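Each structure below appears as structure tokens.
Look for chain A in each of the two complexes below; its partner is chain B in the first and chain C in the second.
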Partner chain A sequence: MPELKGWKELPIGGLIVEPGNAKQYKTGTWRVLRPVYQPENCIHCMQCWLYCPDQAIVVEIVDGKPKMRGYNYYYCKGCGLCANVCPKSTDPKTKQPAPEEKRAIVMRPETDFAEE
Partner chain B sequence: MPAKQALTGAEAIAYAMKQINPDVVAAYPITPQTPVVEYFAKYVADGVVDTEMIPVESEHSAMSACVGAAAAGARAFTATAAVGLALMHEIVYIAASLRLPIVMAVANRALSGPINIHCDHSDAMAERDSGWIQLWAENVQEAYDFTVMAYRIGEHPDVRLPVMINFDGFIISHGVEVLETLDDDVVKSFVGKPIKMYSLLDTEHPVTYGPLDLYDYYFEHKRQQIEAMKHVPKVFKQVAEEFEKISGRKYDLVEEYMTDDAEYIMIALGSTAGTIKHTIKELRAEGKKVGLVKPWVFRPFPKFELQRILNGRKGVIVLDRSASFGAEAPLYEAVKSALYEVAVRPQLGSYVYGLGGRDITPAHIRQAFEDAFKGYLIADEERYLGLRE
Partner chain C sequence: MPLNAIELAKLFHDKNPGITPGHRMCPGCAAPNVVKFALMTAIAKGYHPVVGLATGCLEVSTTIFPYTAWNVPYIHNAFENVAATISGVETAFRAAKKRGEIPPDKKLAFFAFAGDGGTYDIGLQSLSGAVERGHKFIYIVYDNEGYMNTGNQRSGATPPGSDTTTAPVGKQIPGKLQLKKNIVEIMAAHENVYVATVAISEPIDFMKKIEKALEFDGPAFIAAHSACVRFWRVNDDKAVESARLAVETLYWPLYEVERGVYRVTKKITNPKPVEEYIRSQGRFRPLLSRPDAKEIIEELQQYVTSRYERLLALEEITKDKPLRGPWAKEDFQTDEHAM
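Our next item is the complex of A and B:
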């Protein structure tokens, strides 16, 4: 959960007095499905980064090229768009969903991680 | 030099607003408020004020325009009545929630239906929980004085709330009375420059108004509004003290009239207080120990003042000019609840009167006092003055 402030600490009227503070708002608590990254299958095409409606895909630039490095779960809402657009989610021959062990992103119920 | 003038309540409020010279006035005509903005429009047309006057298409828009203007840091004013206020309702809450010190004059009129244009307090009572400060004038003088004081109260950094000035429709709005007005420069320096906070036009400090506020923060923002209301009595008294220095007229949260030794006290809002004072004088001449308490401020409710004044009296009669269908009338309910804590509770009686502009006469007031003299006040019984059975 984000750190929630008490009424004495907040600006009045629900005003936002600090531009760009949405990044303090950790929307990851909404998630019911969690995208799990399987780097061995990733081809670093950056489709997931491009389509993620938040900024939950972690990218590292290596030799001028972007590399997928997993997720920032503070912001990932679990919408599943990344898994949907990932080319590794589809079997290139059958055009059917690829088996889980071949995918770069697998969506799992958040309850699997309840212990964390 | 203060000047004596003979004005209607509507004219007096418009005159005070001329002296205040607000940045924005947005309004839609409605009886009996219309003359307020009509007189003000003349000041705009004559170029004696710098105000941007916005004739909008509805009261909902009038309050919306005031919200926008006040958020931008402008002094905004509107006036309305009855169904006009009801049509604003959504934005009335928003103005208070966004903590915008708008000033609105309400020429109190009965809410429809059946349609009626005359005075009662149902319009303002429908807004009593909206988060607005509610001031109630008894006459033209008080309507003028409260208009001069309103921005100082609402704009105070510990308050930041909108202020509603209630003045009985037709009785005050259209009745001509002699009042004392202050000089333009005295009003100007009393009101001063607007105290701006979080102004949208302050581009150095950008601010967002009205973002979505869900279960994680909405409650905290409501708590802040509750707190702001708690600061009003202190700020009202400060402003009233300063106002007394320029006008010689003394205001407080409630007015006490002949209460010192009074055994029986009547409580009422607005112009009826004048009729009650007249009746009290007659009853005093007959040796009856009677008095009046008139809340000048109804929101926040002056609970502690009423507890202090009413504790130990023989009888308290509360007059309401609006009904609460299925519950006790609003002023009565609040007084009764305040008296729960006092050491010696008086007998209590609830009298509803004057709905839809029905006249209230000294005979009606005397009738309620007579009930009290006989010890015939029943706390759980609502009675009606001037109603045909």
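Our next item is the complex of A and C:
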């Protein structure tokens, strides 16, 4: 939170004049579940990136191709949508939830990481 | 043809397409994805988006002082007048272009986003006016089927049987009694308009329709299914699943109407029962414990089935029979009040 300005210093009408300055705002503190990336299972399909409502999927371009590189926990609210849309969350044969070790994203309680 | 997820990621992985993170929509809310899909499509096509917002969750949660999550030109006025506001912005733009203040080849795309309350109910008059005047803008309703920002009141978009604070399911009534208002048909009746329904579970269909709206020489209206995970009482990760189920049960048929010509863009041959959609969401759970639940679901089933059959029939009979030509455009573009 930046220091709030006095009324004389504010832009007229209380306008916010810095485009996209919400980027300073940390929404990662809301997280109850934490998505954990298991790169060995990832096929870099970008579904998680496409659907993350908080643009918290980190992507790097390697040889012209986008590669999933984990999470920006500054913003990630832990909704789990990335894990829900990830094709590796479903077993292709049974159409049932895939076993955890086969998934590319696993949602874990944030309390597991409390020490960090 | 719209870009797929991989191509989009290549373009936008280090950019924020109109909206930035740090906004304060609930975790998993569908609305930010409605915005992203629309604005990424416009930007990828070389347009500079200009955004107007009606009051509602999207507006309130992206513009909490002293922050804004918008990195494109943005305007908010009031709850009931986003269409009037953006039509004024669009007119000012045309005037500035005529005066040579904006390069003639600069492509701007004017978007209005509003909730269902801001569209079906309180903003309908200004929306109808702006579309009738033929302003070149794209109006997108993110339809979460209630006044969610003020805590889940019933709107003209709320489905029957849904539990809201102003039409609660109880002993006397089974929640909202009326069917959802058919806003898509109301907007299509303006004739000189491109109208479409979209769902985030079908991103290519979604973005194709945005591309069409961008290229259409007149106003466009897009209705987007937009799960409110909070008040639909579903888990935070369900926005895409519920959109998919809405499409598969015909609860949310995907179609478009271009100057009176209907096209069903996703044909569903074996629709799932609408009951599956109802059972997947907590907002209908109180209904399910009432003795008349079966009847209400059956009525809804009949409605969605006949609406879909009607859409297929309209597609057949309106083929190559547009209601109007694009003549409103000529009137409008030479129009003197733009100066």
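The working rule: the second predicted complex is superposed on the first by the 100 of 116 C-alpha atoms of A that agree within 3 Å, B and C clash if a C-alpha of one lies under 4 Å from a C-alpha of the other, contacts with A are read in each partner's own complex, and residues count from 1 in each chain.
The criterion applied here is as follows: a contact is a pair of C-beta atoms (placed from the backbone, for glycine too) under 8 Å apart; a residue touches a chain by one contact, two chains touch by 3 or more.
Remember, predicted model here, so these are calculated numbers, not experimental data.
Trainee: Between chain B and chain C, whom does A:7 touch in the aligned arrangement: first, second, both, or neither?
Mentor: first
Trainee: Return the chain, chain B or chain C, that is in touch with more residues of chain A.
Mentor: Between chain B and chain C, C touches the greater number of residues in chain A.
Trainee: Should A:114 be classified as contacting the first partner (chain B), the second (chain C), both, or neither?
Mentor: In the superposition, A:114 touches no partner, neither chain B nor chain C.
Trainee: Touch test for A:19: chain B only (first), chain C only (second), both, or neither?
Mentor: A:19 contacts both chain B and chain C.
Trainee: Using the superposition on A, tell me which residues of chain A are in contact with chain B and, in the other complex, with chain C.
Mentor: Correct list for chain A: 4-5, 14, 16, 19.
Trainee: Looking at the complex, which residues from chain A come into contact with chain C?
Mentor: Residues 2, 4-5, 14, 16, 18-27, 30-31, 44-47, 49-51, 53-56, 59-61, 64-66, 72, 75, 77-81, 83-85, 107.
Trainee: Within their complex, state which residues of chain C touch chain A.
Mentor: That would be residues 5-6, 8-10, 13-14, 16, 20-25, 27-33, 36, 62-72, 200, 203, 229, 235-241 of chain C.
Trainee: Would you mind writing out the residues of chain A in touch with chain B in their complex?
Mentor: Spelled out, the residues of chain A in touch with chain B are 4-7, 10-17, 19.
Trainee: Residues of chain B touching chain A in their complex?
Mentor: These residues of chain B touch chain A: 97-100, 160, 198, 205-211, 213, 216-218, 220-221, 223-224, 227-228.
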